[in-house]
């Protein structure tokens, strides 16, 4: 069987010259992918010029198509987001808008193009909001064609109020470590199943 | 001016014979109300037989009307909830359903009956979900006629994963204490303003 | 292969002596299950005495264990809910709380007991809230061990404001029909895959 | 008393050269403001270069400070958003992030700078999501210092599935018209109250 491929879309508001706690948590997942021979890449969305809109290519130097191509060539797509006021980032919202923009495209069997891919989320914040952000992102992925395996929401948030972020405060959290492990393994397990047995094109084509 | 009155609706899943962390946090708010001469009462919703439905009185021994009367005689209504999977409790959802069941009733000026009351929330959980639960409850209150003052979401949640609840883990949290204070004072400030100057019946009657 | 089994948990606030729009939409899904030889049952949660709490059996005549047994003997679990103020019903919230109460139980391989089951949602309301309710329920199912196939949120809501409910207003809606079809087929497809190839117990056990 | 001022922040993904349904609904609110002698301005956020981040001024040509100044000189702030997958737009999320970036600034009494301002929302979509988007935005505003009057969520969404947008489908909707009226009048009523009687600086300062 060909190697599995995963792409991480990090929607931190910071470009790669700055440390991202969300990326640090993604790297924990990535370490397991490496061990299990899954090829993976982390993309910092803030490094790209993503135009506003819900078309596949908004033109005018829009760099979303590059990211879309990476999504399309991956079996596993993990969206990572920081939290502000208990919500996913504006870039996470934009990534969902842009993915949605391709949701009526079909594969050669007539299913949505995202069929047979699996999705997951990684969330970090200094406090509160991880489950709400996860629910929103996983729902969006599921609604446009992704399979959501069990326990694919790996997150860390601290106690209510200001405080340390993941790198300082969360690296030793056992709950988070357990969820990193489940996210990594369950995305691999389901992606492998779907590679071996794609979802039949019955009852789910868009025509 | 007549004394202000506040009612706390504690939607813990436990009856009063069991300790409620949400109630412990409510008591912090209540202590300030006492100091400021606001009369208040904490009601444990689980002690009552609340029938399912969205009528004012579902009959058949429905005890909601007793609670509704306490809401109607109060200037300030605080809903408190624990969290499960990042969401407010089923009883909190039911309290919102039952309040909603009276949302088309009007006062003598033709406004919704909840006009000139102020709302707030108190949330506790061992981890994550307070802001999402607060947003849901405050929105519901605002949509049926309550005024939402600034900073009326007092909450405590711990770090991601299993861990202590509010009484063991949160009593000394300064962020939570600050929010208790803002919740208590801002509900008093706005309730006082609305008592002195009720919202004019212009553009907001239900006929 | 043994027949697949599905259970629908209808969290309408009404007991079976009253018409449920959510149930009418569930019956559309059920018709496809019948055609495809999937055994199914619709349960009206309001007919049962479900105690408040998050233990598997709250005692005192708690009838949740009967429902839990039906969930455990099913391959597919569909939660259906009406909407009030844009949110799932109090009973839907309670079903999630009770399922959560068993989330640390394990199967003989050490995975959560809900592994290898697939989940979906059916939502009806006279207006607005279906996606939010779907996100909340699907997230909860995924977080406790269910697989979420693509497009398993079948819903109908009408235009903003008061108006007809599903039976009068939604039966001919093509979007809803398409989603009924995708929900039914994709739950069958994924449940079949998981029956043939259960998720390996690697990286996802709870010990 | 000096005239009241309102600012509408339209977070449509389109710049002013394109028709915005959200703006059309904002204009209904604006017509009432005009009648009642409230000065108002609609800002299309997509026309500005807003940098990612949560500082007041992200530098590098960041045009948020211009918008922040308009917010600060207004008594009423209305955020308007379209819907994608049942969620507010990425620009709405960004506006919230940027407002949040000033939430620890204080006025001369030591309260958050947004105290004594009132907030509201306007939402349009071809289907589903208005209440969830409203809850999210109103909560954020309330959490950073705004007062939320009753019934300040004016929205229109159509029936489930693809269909007309507000301008074609919603202009005659009586529910939406009623909510436009309540949003306009209640923001005026509360802003007037707060102008006459600002929230006392007791229990709510940030020091």
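Miscellaneous remarks
All chains are identified by letter, namely A, B, C and D, in their written order; residue positions are counted from 1 within each chain.
The criterion applied here is as follows: a residue touches a chain if its C-beta (ideal position, glycine included) is under 8 Å from a C-beta of that chain, and two chains touch if they have at least 3 such contacts.
Worth saying up front: this structure is predicted, and the values here are computed from it rather than measured.
Listed by label, the chains that touch chain A and also chain B are C, D. Chain centres here are C-alpha means, and the one lying farthest from chain C is D. Work out the mean CA point of chain B and of chain D, and you get 25 Å between them. Centre-to-centre, using mean CA coordinates, chain B is 30 Å away from chain C.
Separation between the centroids of chain C and chain D, computed from CA atoms only, is 36 Å. Residue numbers of chain C whose C-beta contacts span two or more other chains: 85-87, 131, 135-136, 139, 143-144. The touching residues of chain B, when paired with chain D in their complex, are 32, 112, 114-115, 131, 134-136, 138-139, 142-153, 181-182, 184-186, 188-190, 193, 196-197, 199-200, 202-204.
Those residues of chain D whose C-beta lies close enough to touch chain C in the complex are 85-87, 127-132, 135, 155-162, 169-170, 173-176. Those residues of chain A whose C-beta lies close enough to touch chain D in the complex are 13-14, 46, 52-54, 84-91, 93-94, 96-97, 100, 136, 139-140, 143-144.
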